[in-house]
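Take a look at the structure set out below.
Should a chain be cited, it is by its letter among A, B, C, D, E and F, assigned in written order, with residues numbered from 1 in that chain.
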Amino acid sequence: MIEENLLLILVGLPFAAAIAASTVRASAHGAAAWVSGLLLAAGLAILALLHAPISDGQVLRSTLHWVPSLGLNLTFRMDGFVWMFVTLVFAIGILVLVYARYYLSKADPVPRFYAFLMAFTGAMVGMLMSGNILMLVVFWELTSILSFLLIGYWHQGQAARDGARMALIVTGLGGLCLLVAMLILGQIVGSYDLDRVLAAGDIVRGDPLYPLVLGLFLLGCFTKSAQMPFHFWLPGAMAAPTPVSAFLHSATMVKAGVFLLVRFFPVLGETELWFFAVTGTGMLTLVLGSVIALFRHDLKGLLAYSTISHLGLITALAGIGSNGAILAAMFHIVNHAVFKASLFMAAGIIDHETGTRDMRRLSGLIRFMPVTGALAIVASAAMAGVPLLNGFISKEMFFAEAADWHNGTWLDNSLPYLATIAGIFAVAYSLRFIATVFFGPEATDLPKVPHEPPSLMRRPVELLVLVCLVVGILPGLTLGPTLNLAAQSVLGADLPYKDIAIWHGFNLPLVMSLVALGAGVALYAALGGRIATGPEGPPLLHRIRAQRVFERILLSLTWKLPRIVHRTLGTERLQPQLRLIVLLTIAAGFVTLWGSLRQAPSPLATGFNPAFALMWAVGAVCAVGAAWLAKYHRFASVVLLGGAGLVTCLTFAWASAPDLAVTQLLVEIVTTVLLLLGLRWLPKRREEIEEDKLLPARIRRARDFVIAVVAGAGLAGVAYVMMTWPLIPNVGDWFLRNAYSEGGGTNVVNVILVDFRAFDTFGEITVLAIVGVTVFALLRRFRPAPESIMLDEEQAGLEDRTLADALLVPSVIMRWMFPVMIVLAAYLFFRGHDLPGGGFAAGVTVSVAFLLQYLAHDVRWVEARLTVLPIRWMGIGLLIAGATGVGAFLFGYPFLTMHAQYVDIPLIGQVPAATALIFDAGVFSLVVGATVLMLIAIAHQSLRTTRMRERDSADTSEKEAA
Amino acid sequence: MSLGPEHLIIAPILIPFFAGALMLVYDERQRRAKLTISLVAVVASLLTAVELLIRSKGSELTGNNDIGFYLLGDWAAPYGIVLVVDRLSAMMLVLTGLLALPALLYAAAGWHRQGQHFHSLFQFLLMGVNGAFLTGDLFNLFVFFEVLLAASYGLLLHGGGQLRVRGGLHYIAINLTGSLLFLIGVSLVYGATGTLNMAQLSMIVPVLPEARLPMFHAGAAIMGLAFLIKAGIWPMSFWLPTAYMAGAAPVAAMFAIMTKVGVYVILRLSFLVFGAGAGASAGFGAEVLIAGGMATVAFGFLGVLASQGLGRMAAHLVLVSSGTVLAAGGFVLAGGGAQIFAAALFYLLSSTLAISALFLLIEPMSREDGGIAALLALTADAYGLDEREEDRQPEVGLAIPGTLTVLGLSFGACVIALAGLPPLSGFIGKIGILQGLLTEGAATPALSWAFVALLILSGFATLVGLVRVGIQTFWATEGEPPRVLALEIAPVVALIALLIVLTIKADVTLGYMRDTAEAVSQPSIYAEGVLGAPRAAEGEASE
Amino acid sequence: MTRILPHPLLTVALILMWLLLTRFSLGHLVLGSVIAVLAGLALARIEPEAPRIRSWSALLRLVAIVSVDIVRSNWAVARLMLTNGRHGARTSAFVVIPLRLRDPVPLALLAVILTATPGTAWLEHDREAGTLLLHVFDMVDEEEWRVLIRDRYEALLMEAFA
Amino acid sequence: MTALDSLPPWLMALVAFFLVLGSTLTLLGAFGLFHLKSFYDRIHAPTLGTSWGTAAILLASLLAWSWVQDRVFVHELVIGICVMVTTPVTLMFLGRAALHRDRAGGKGPVPGCGRSDRPPQMASAPAND
Amino acid sequence: MTTVLWLALTWAQIALGLAACLAAYRIAVGPRAQDRVLGLDALYIATMLLFIVTGMRLGTPFLFEAALVIAIGGFVGTVSLAKFLLRGEVIE
Amino acid sequence: MEMVLSAAIGVLAASGIWLLLRPRTFQVIVGLCLLSYAVNLFIFAMGRITLGAPPIMPRGGFIDPTAYADPLPQALVLTAIVISFATTALFLVVMIASRGLTGTDHVDGQEREP
């Protein structure tokens, strides 16, 4: 129980450190480092406590439930392998903290750095300890995100931004692949629990999806571990502050990939596919990485490629997968972490003290910083694989596996040679590092005068180098048990204990090591001078800068190509979009109706009426004419549209829909005026646009014509078939039966509108109100086109006297019609419930009455006499309608429950008193307000332009005067 | 829920209605009063929605799914209009409220002064959206669609300007066309079945005579097109990015729900009418949803990558989100199980909140540099490759001012949530869908795999696109940080806090979604409930 | 009284209109009156002055004359249509007619009369010059038209209105 | 068959006469509109329909419905008066617009064509259709 | 005698329909914008009369309202068209 | 009548759709108007054609629903008329504003690139 809690605490500690660090003052370097360091140290203490059960072979587990239904639980799990890794992370983490404390400038904002660093540590530890493969991916992605923030810490530099972004993109993509792999894996195994997955190797390998899982899994691992060809993000990540590099590229980030390879070897390994993919990639990376490292001029660049190369080595071992190989892989994970961390720190010191990392400028530094120099020399020797240092032993183990292990494939046969070649280059680049930086003549053009760094900054390096030495000399005594424990936890408890020693006798691996040492020294001796003067990168290969290649590919894949495809698949023009919609509608109709659209066995028919046909001949002429003339003869088009509308009204009336006819007629009038109001602001179009006569335009029109005809014919066909089918029993019958008895009105359509389905009307008037308000709001900010401000030529000839003249006689009649229309509105309103009419029709009638006055006079004249506050009318109308609806609440009925009754008034007799009438009054008020508002808002634009014109002319005359 | 009128159900429609109408009577200069009314209304609607959500959870007895009915005008179901609240609609109501409050607060920081009658339009939009979620009648749905569209036209144009007017013109033209399609579809459905009531429709369709079936399908297909236009399905979604981008920040944030209305209606009607029990019509349109949804996701993430501005990216993310839910819905309709549906609903919730937050972030982020950052992000990539100086690295980090830190963290949270990266809720939703596809999508293996790939790719594209812009905005710009009011950043933080809550409480939410999915796939509960809903007058008579 | 009924004549006409449209009942009389009064008030906002009729008999005479003229001219023009303008012999022409009428209301009535009688079209009234430009469909003698308008309609209108 | 079948023969004949008269007059007017050559001629044609065309048909309707409904049914009066009163408005505007444009274009024997009350440079352009 | 009325109604309908067609010719062909408006005005009247005649033929009085609306409000549309021709603006 | 009415719907719809696909805002608005006529008639047609029997009921007594026109499509058309009127007005205003701001009446706010 305690151990379970300890596991949780262990994961929580770095996050706690992150939170603590983020709360300190910006300049409190010491505090942040101390808090973080102490919390990590506490972690080490916990690890020490856990060592006992772990060394007993126990696997510790602890679970927090998060989303159990998805199998997403925070399960933590620790065995020997994890213990070793976590200890490494914590230990190096503390050293990095100490180092960073002195490395970072006083001006650096502390909290962010330490918080990110610690959160990253937490994510790494969480990943290592995850006992749930989905949670593993969660932490995995967290390390990607946090490393992004760390690499981009000095984000004012372009390199840092690019490096961070690239790292995120590469590792993030890998993480997504890993996610899918884990999901499928969980699917195959039936659980996301790591233990169950680890136990289900045979099932997984036998599954048809195995290659897919493996591929996705390896993509995840390789991207993270910077295996070729995904290695390029790692050198780019060198733009990070050195402590970050030292941490990310030694013990953490990049090691996550190899950790996973080793961890999942029992599940996914032991197949030929695995061997070729993993060992092949590892060897390629090993060799190429070491070659490139030799040719880098940047200190950190050299170390970065060395890291890549060493990760290749570990990967290759994981691919081989023999007991010895796994043990060697684990050993090299630790060793590499130790010497690479120290080397990065040393490089950081050099950079810090000299102001450059360019090896061509650095020289003879041993005289300025003998201690640092000595430390760096030892660490490089470890990196080169010099005996008595830790790197030598694990590399020796690798050579042994390369040489002794066989499965008979060509790759297997070439392993020893490749390993030796890589060894040669490793020696050469290590040598170059030492020789060029610390020896030779004193550098003259350094930005700073170098000297030893503060001693505390050197302490971590010293400690790490000490570890190199101790492990190198006494491997079996120091790391042996831990490594064996770790290997057991991966490969199985029955694994025989393997002794790790420096001396195994004079054998093939030793020969390979000696060849590598000798040839490496010879190689550097031969090439050293030329490398310094050459370009950055190996011959031939330097032209292909993987990073640049990647960026170009990325740019093509994530921008240029998508843009092309996006443009091809989409459009921003309206016409194609509308055309698509029409075509899709036609398609939908065809797909659903093709072959099954047929008349009823005995179709309904009403007799042919020649007058009706004649009227629709008119309607058709008007419709087609409106379409034909809408471009160049807009006015004619409006007139024709009016004709088509009129025939539509007639049809409604003819086919027993008087309400529709009345409403459509009134709307027709208002629409005509609206269109005319709009017409005034459109550009004059007198001459045909040249382009319209060209062939492409003709083809476009022909195509649209065909589309339109097909769509029209389709709609007509559907309408015809529907009309000839007998009406099926529908809800309409109920309305007819109950309109009078239940709704208290004889005009069923009106009863539906104000009672049965009053909620529709309620929504509909809201639409009107919204549109009114929108029109008003939009026109408040209206700016007409300059040419529209010019006086229209028809008007130009007429002076104001002529306007008064022109309107003198007709305006009399138009004024007379004002009260007549009001009476008509009242008539339509009051009889609506029983006979054709209603609030809407009445409202439009009143607004037409107002409109007529605007037509008969000018705006100023009318508004001096009639005060219309349309928005007020609208608000009140809405509130009346709403209040009528809510009124029903008082009687315990739902919204819009209407009450109808005939009230007896003496002398006058029965008067219908339906609450529906009040609702209709609301509709009326709203319609008046909205319609008037729309018309007047547009009309006022002319007034505004007139004012503008007046102001303009006043301005010009003033200028002339001045 | 209970006999007689239960006015709570209509409150999400009436509250914004009365608020909007009342504010029309107020003078435009009394902005403080309007803001107060508006805020009160939004909070009240949200609380009502939450209460409805709690009630619709029901109990063990009701199969964890209580359906509430509201007979408007006290007319029995197939004749009058009925409002129905169930788990799904209650959830959408809550989501609407959750988006509205931050958007309104953000607008209060200044946007509402940019034009006339902002608050009324905002309330009417809420009314329309809530109405569309609640109504159980096809034509009434049309009316509420029009209410919300009309309000959205107004809000989109709020503030004026060339971009808005141009985007608005396309938006209006296309939606008017869509509305006409809706009408054609509705009338065909009425002509073929004789009813407009969704519940009755679900009863009629399984027993519809064969001769009438094609007509009904045609109607459903055409109506479906109208919904899909609103849901932004490819290839009928090209208007969407421009329109959403053109809208003012709070408007765009609110628009995040608009495509979801289309998605909601598609899901609601599909499961009601074309569910497993629909006989010859079962699964109608599933292929279209799957193919269209996937194409939308693809188009969306290509758009994210191809875009130069953050606004356009966010708009394309809207497409990704709605395409994902549509395709997932299609898979469920084609025979997939509750898991995909539940996860898709979770994803819908999460992505909508995140997109809304992103829309609110865009404007403050690009305030100082006038949105150049987003532009530079690509041009630097595209053209600066070879000239990049091997500059001396800085050795001192920049202190990031508080505003930028908050903006940056918020942006980061949005990116993570939208890309479906762990640990935020987007990841959980995506995991759920992926799991569902791998287990339940076996009926359509090729399509399932394609969708898996698309989901991963879209997440990746989101990451690449947004990080590109984020880096340029937060890391590469020098100079003064933007001046941002607390009132502008608080809503974003609130939305992200919601995302975090959603993440932590993912199991509870997913459980709710699972029950919702179960309930939605049993249309008989809905249909029988609606048609048997008692009138208040009858309740009175029997007492 | 003038405040409630600024246009009494009109109000009466509107009540009559209401009753014509609905039914002759007390209820409708009341409702119609209310509406008519309101409508009259509305008109008063834009036209405060009610036209004063001096002679009802002149007005009645005018109505009688016009009724006959309408029938006659309908017949005449219809025949012209049927005979293709007396087989091409018809000529139309503009006539400028000096008017003594200045008041807009009688002018409007004149316009109604001229429009209602086919064969004459009111084209333009020049207020300053006091002339009316008329288009005559079947022109035989210009002076005849001037006399006709002046004596037959204008005189009666001037007599009817103050 | 409809309600109007209950009309007595004499009334039926009267109604039929008015119907034929009114519709024929209207048709004649429309024919004039169709075939007359000049706009100023055409402006006369529709008034056939608005005067006796309308009157006759309204009369027919009035007679028929009054008989059927058993009471004086004089809705039609309102229509008749309103048509008569409102027709001149449009025609006056149209006539004036035509004159104005013809004068501007210097076309045809239009009175006042030579009037110099407008600056010559403004004179331009054919009609807006 | 019913035949007489029926014939008269039929003739009236056809005559009015033809009248509408002739008016439509003017609307569609022009040649002047004024002609189109004039045609629309004539079409309005023909339609109004057709409302009345059809109402009689169908035996329903409910077409009357539509005719009334045309009589009282129909001219507003054509007036605004005509005013636009005269002034280039509908409301100024 | 059915034949004529369906042909009418077809012609209106075809004209409307043709205009809808045109490049000028004014064409589109006229197209939308024509289309809405077509759609309104189409909705109306779903109630079938009934002559001379408007859904106006006697006061009480037995009612034979088959003797009257289906009232529901009429009610729907009424709502649709109002809504399409409103949205047409809005589109018109946006058209004016777009023309004022962009200087062109092209639907895309810019002339087509050659």
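Worth a mention:
Criterion: contacts are C-beta pairs under 8 Å (C-beta built on N, C-alpha and C of every residue); 3 or more make two chains touch, one makes a residue touch a chain.
Quick caveat: nothing in here was measured; it's all calculated off a predicted structure.
Following the contact convention of this document, A is the list of chains adjacent to both subunit E and subunit F. The chain with its Cα centroid farthest from the Cα centroid of subunit E is A. When the interfaces A-B and C-D are ranked by how many C-beta pairs touch across them, A-B comes first.
Distance between chain centres (mean CA atoms), subunit D to subunit F: 29 Å. With centres defined as mean CA coordinates, subunit E is found 49 Å away from subunit B.
One simple way to say how far apart two chains are is to compare their mean CA positions; for subunit B and subunit C this gives 63 Å. Chain geometry summary: the mean Cα position of subunit D and that of subunit E are 9 Å apart.
In subunit F, the residues that touch at least two other chains are 20, 25, 28, 42, 46, 51-54, 56, 72-73, 79, 83, 86-88, 90, 94-95, 97, 101, 107-108. For subunit E, the set of residues that touch two or more other chains comprises 13, 16, 18, 20-21, 23, 25, 30, 33, 36-37, 39, 58-60, 62, 68, 72, 74, 79, 83, 85-86. Residue numbers of subunit C whose C-beta contacts span two or more other chains: 17, 21, 108, 111-112, 122.
Taken as a graph of touching chains, this assembly fits none of the simple shapes: it is neither a line, a ring, a star nor a complete graph. Every pair of chains meeting the contact definition is listed here: A-B, A-C, A-D, A-E, A-F, B-F, C-D, D-E, E-F. Considering their complex, residues 51-54, 56 of subunit F touch subunit E. Those residues of subunit D lying in contact with subunit C across their complex are 25, 28-29, 31-32, 38, 40-41, 43-45, 47-48, 50-52, 55, 74-75, 77-78, 84-85, 87-88, 91-92, 95-96, 98-99, 109-112.
Subunit D contributes residues 82, 85-86, 88-89, 92-93, 96-97, 100-101, 104, 118, 122-125, 128-129 to its touches with subunit A in the complex. Subunit D meets subunit E in the complex at residues 1-5, 7, 9, 12-13, 15-17, 19-20, 22-24, 26-27, 29-31, 33-34, 39, 42-43, 45-46, 49-50, 53-54, 57-58, 60-61, 64-65, 69, 75-76, 78-80, 82-83, 86-87, 89-91, 93-94, 96-98, 100-101, 127-129. Note for the complex: subunit C touches subunit D at residues 17, 20-21, 70-71, 74, 77-78, 81-82, 92, 94, 96, 108, 111-112, 114-124, 133, 135, 137.
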